Amino acid sequence: MSSTIRRHGPYLTITLLILFFFVTYLFTTPQPVQLFGTQLVQWASIVGYFAILVGTIDIVIFHIKPLRSKESGQWQYSAVLLLITAIGLVTGVTGVLSGAGINYQPFAWLYNAIYVPSNATIYAILVFYIASASYRAFRIKNAQAAFLVLVGFIIMFADIGLGYVIWPGFVPLGNWINTYPVAAAFRPIIIGSGLGVIITGLRALLGRDVYGR
Amino acid sequence: MTAAVPIWDMFGLWIGAALTVWLFSFAFKDNALYKLAEHLFVGIAAAYSFTIAIDGILRTGIAPVQQGNILRIFALILGCFFFAKYFGKYSWIARFGPAFVIGVGLGISVTTAPEGFVLAQVKSSMLPLWTGDLLQSLTNILMTFIVLGGLTYFMFTFVPGIRGVTKVTKKTPASHLYAVLVKIGIYGMMIGFGALFASTIVSRVAYLIGRLTDLIASPEASIVATILVIAAIAYAYQHEKKTAVGKIEQKESKKNP
Amino acid sequence: MNSIEKINKILSNRQILYLLLIAVVLGIMLHPLGIPIGIAGQTRDVYNYVDKLPQNPKILMDVHYDPAGATELQPMAGAFLRQVITKSPKIVFFTTHNVGPIMFERLKGYFPDVFSQLKYGDDYVNLGFLPLAEATFASIAKGAQEFVAKDVYGASTADMPIFKVADKAADFNVVVLITTSTDPVEYAIRQWYTAYKMPLLFMVVAVIGPSVQPFVASAQAVGMLSGQNAAAQYELLLKKPGSAVAAVDAQSGAHVLIMIYIVLGNLIYWPMRRMSKKAGGKTK
Amino acid sequence: MHTLLSKTIRHITSRYLQSVKSILTEDNHLLSPVFAFSAPFAVAQQPILGIINPGRTATLVLLLIIFILGYVFINQAQKGKKFPIRKIAGFEAIKEAVGRAVETGRPILYTFAYGNLYGGYAPQFMAALGILSYVSKLAGQYDARVITTFGVPEAIPMVEEIMREGYRIGGRPDAYTQNDVRYQTTEQFAYAAATQATIIREKVATNIMIGPFAAEALIFAETGAAAGAIQIAGTARETQIPFFVLVCDYVLIAEEMFAAAALATGDESTAAVLGAEDVGKFISIALIILGIGLLTLLKVNLGALLSI
């Protein structure tokens, strides 16, 4: 019995939930059923917090390993990481439990000094990659690439002030490309992803692999 | 306390500037200071996420239970299932947490995707080919072909000529039409990708502007951090020459000049 | 090595390009040029839409961005708030990005002129971070107050007056989704527009702008602002230029540098291809 | 900072506002933004047939068509019916790419992004794992080394299993080492930095990136190009496709990666499901053509029918 639950339980849970929402969304159902549906989505949302907790624990575990084995060139960094995590957790959890939340001053100082600038910078590095990629890759190798480059240039001119100075028409032209052909170009991808969701739902209904095995 | 705040603020600014410069140095060369900054970032991010999740559980999970919404306790129980994966014997329980999330997630997305992602897009693709205005009409015709071409491109199984893979395929009108539509689909997508590429440059440059704005705010810190990072990069080059990888690289470069 | 190969070597030196890029952006930021900006139709549509909102509009705002995206999105959010503040709005803020609570505090600090006119609990409320999941969007639509028992500051939401008028999907006049990612856009389309026909207004980073375009074109969203240039245009339409307007000159500079590199890359590409063909080598 | 910013703003503003006045009065639309169906459709208020929620009939019909057809197709596939899949250039290039690694004696890098298996990106991860099984089999056959980097904690045992199995089928079970399966945390840039370092340090000959990549896509593609690797990429995250199209040698655009996964695993039921999806696209095409025809010739609005 318990082995049946272990193996089929998760799939059965998924199937039942999909069927429940299928019925309640498409057909008229009594009020209590609707309210139960509201409870279900609220729970599913709150469970998301626990997934974040697990992700954090995974990162800590990942960095304990090199520290234990004294992996050369890595354990020092892992030690720094674990230290800062510990400091952050102590200040953060103190703040939350004391009622000040994330605005607890020491914790706020930590994230304002370290997290905010690092987060912004690590994305900003990408500007360098896109610059060098532009030089090396934005080349008219064939007709398709020529098309891509042409559209790219028009949009670039439309996006910056200089384009407007060169020819004021760049702004409406860019706007036209964005609102009409670009919308049309991404439409098949969106229709495809919508159908993909339906198909994933079908696979889940049939108890096939959605996650794991 | 009042006297301490500016000192801490100053210290925070310096750390922020140093981290900015050190992380930027990665684009030039991987070095020790970059790694230090990266690990500080990941460490604090982990602590931050953990804290904010605990905060969230208190606000949306435990507080309602205290206020009398007893059913909310199921959310907490389902959440605790996630931790079962760390206890070998009970790790099978851990699959029920994700199963619940997947079930609800698919349940609400499968029912809304047909209208939101398929039918709405189909409806707005039904454009009149002649509206009386030449430019609008040409635009509609262009859009129609791009959409139809793209949809054809993403068909994988029911494609003309596919069953004759082993035989010599004959050109039928259907396969000609298919080839033309696929070509239109590819070119249509290139318009989209070109626009996307150009827009991406806007975003990435904006990030850089944002960072430089902050660096200008604390010039002394930025300059000190830059000098440190130049030293670190120089050290990384020196170190690389000494290590085995560096030696192999040098040998290879001698072999193939 | 002939001259073309030499030029190619200099141009493909990443370090030189990176330094040039920093120099150009930094230089223009310190000495702005004052290039005029043209206003795109899409931005004006958003401006007009907000302009036509009724008095006391009920607004739901998802602050889904991080410090990186703030450069583009914070000016948009601020400009929107400045435009709507004249109508004495009721705004429910929440965030599905874990850095969102910080970004909200920064938004508040950056636009004191807006928030000083709003009373917390009566005119606006911040529900804090909620997990980024489709279920979160569905839960909010079914009743924000019942879902989140305590706001980001730990105060009970049960007796806040704002939730008497702005709680469920049907209450809101417009939903503003400020986002760096396509995930919340998709969730909003499915759980807010499709299920409840809530009017969506997107404010997105330029990276995802084009891929969100079909939703705007099919009228599933009432409008979209995409990227720093749209933020600058919006600020200009409001006649309250801010940090986005200040940044567009540096944008122009960086773009011109990148365009020059693209053109040079193409000018070099063809002779090099011919050369390598002559040498019998394979091009890549 | 504020003084500098405000100085900058004041400096520019004075010049801008002059031009703004004229801009404000112009209409910069090339076309008026009016679409055929830009106004929301009138939605029925009463339940249809007494039980179906108003406005959701079309959804029900579409869902039922695809569910039923999908079920029938899967059944047919299990009974031996073949669902041939069209040629996919990116998939066919994998053989060539593995060959390149064998020739040069350098490893293949296979990376498939970061995340978890219970979010919306699970299908993409599963497709990536399917293609990995194909790559590891080829590597086993032709004596190449595959290094896998990823940031999906739940996938660690699956990847180990797939790699071991692949080498075993290829006839070299001893070629598998745990060291080549590298889980690199769910933190985006920690994963990105680690994978990038792998590309450089291992001097990979072939770089295969398939999965729901975010901003790190460009970092990998650029680094791989700098390392001179032959690159195959695939993602259904449309924001990253342009970089792959420009920088990589072969790209699986959006859903092509699912089709490639079906080809890679040879699983007929996956191909059958693709068939059901194609029916959905075929319905879309038919509706669009019909709708356009009715609208252009008879001025009849099919869209309204779809809104019941």
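In this document, chain identifiers A, B, C and D correspond to the written order of the chains, with residue numbering beginning at 1 in each.
By definition in this document, a residue touches a chain if its C-beta (ideal position, glycine included) is under 8 Å from a C-beta of that chain, and two chains touch if they have at least 3 such contacts.
Here the structure is a predicted model, which is why all the values come from computation and not from measurement.
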(request) Counting C-beta pairs in contact, pick out the pair of chains that comes out on top. (result) A-B
(request) Averaged over CA atoms, how far is the centre of subunit A from the centre of subunit C? Could you give it in whole Å? (result) 16
(message) From the mean C-alpha coordinate of subunit A to that of subunit B, what's the distance rounded to whole Å?
(response) 6
(request) Averaged over CA atoms, how far is the centre of subunit C from the centre of subunit D? Could you give it in whole Å? (result) 23
(message) Centroid of subunit B to centroid of subunit D, CA atoms only: how many Å?
(response) 12
(request) Would you give the residues of subunit D that are in contact with at least 2 other chains, written as numbers and ranges? (result) 5, 28-31, 33, 35, 37, 56, 59, 62-63, 116-120, 122, 185, 187, 189-190, 238-239, 242-243, 245-246, 254-255, 277, 280-281, 284
(request) Hunt down the residues of subunit C that sit against at least two other chains at once, touch-wise. (result) 14, 18, 21, 29, 36-42, 67-68, 70-71, 98-99, 101, 128, 130-131, 133-135, 138, 147, 152, 154, 186, 195, 206-207, 209-211, 214, 217-219, 226-227, 229, 243, 249, 251, 254-255, 258
(message) Using the touch definition from the top, which residues of subunit A touch two or more other chains?
(response) 22, 25-26, 41-42, 44-49, 51-52, 55, 59, 101-102, 111-112, 115-117, 119-120, 122-130, 132, 134, 136, 138, 145, 148-149, 153, 156, 159, 171-172, 175-176, 178-180, 182-184, 186-193, 195, 198, 200, 210-212
(message) Graph shape for the chains shown, where an edge means the two chains touch. Line, ring, star, complete, or other?
(response) complete
(message) Quick check: in the complex, which residue numbers of subunit A touch subunit C?
(response) 25, 38, 41-42, 44-49, 51-52, 99, 101-103, 111-112, 115-117, 119-120, 122-124, 127-128, 130-132, 134-136, 138-141, 149, 153, 156, 158-165, 168, 170-172, 174-175, 178-180, 182-184, 186-187, 189-190, 193
(request) Please give the residue numbers of subunit D that touch subunit B in the complex, ascending. (result) 1, 4-5, 30-31, 35-37, 41, 55-56, 58-59, 62-63, 83-86, 88, 116-120, 122, 185, 187, 189-190, 193, 197, 200-201, 238-239, 241-243, 245-246, 253-256, 259, 262, 271, 274-275, 277-282, 284-285, 287-289, 291-292, 295-296, 302-303, 306-307
(request) Spell out the residues on subunit A that touch subunit B in their complex, using ranges where they run on. (result) 6, 9-11, 13-22, 25-26, 39-57, 59-60, 77-78, 80-89, 92-93, 95-96, 101-102, 107, 109-130, 134, 138, 144-145, 147-156, 159, 176-178, 180-195, 197-198, 200-201, 204, 210-212
(message) Under the definition above, what is the set of subunit C residues touching subunit D in their complex?
(response) 29, 32, 34, 36-42, 44-45, 133-134, 181-183, 186, 197, 207-208, 211, 217-219, 236-237, 239, 241-243, 245-246, 249
(message) Help me check something: in the complex, which residues belonging to subunit D touch subunit C?
(response) 5, 8-9, 11-13, 15-17, 19-20, 23-24, 27-30, 33, 35, 37-40, 43, 119-120, 214, 237-239
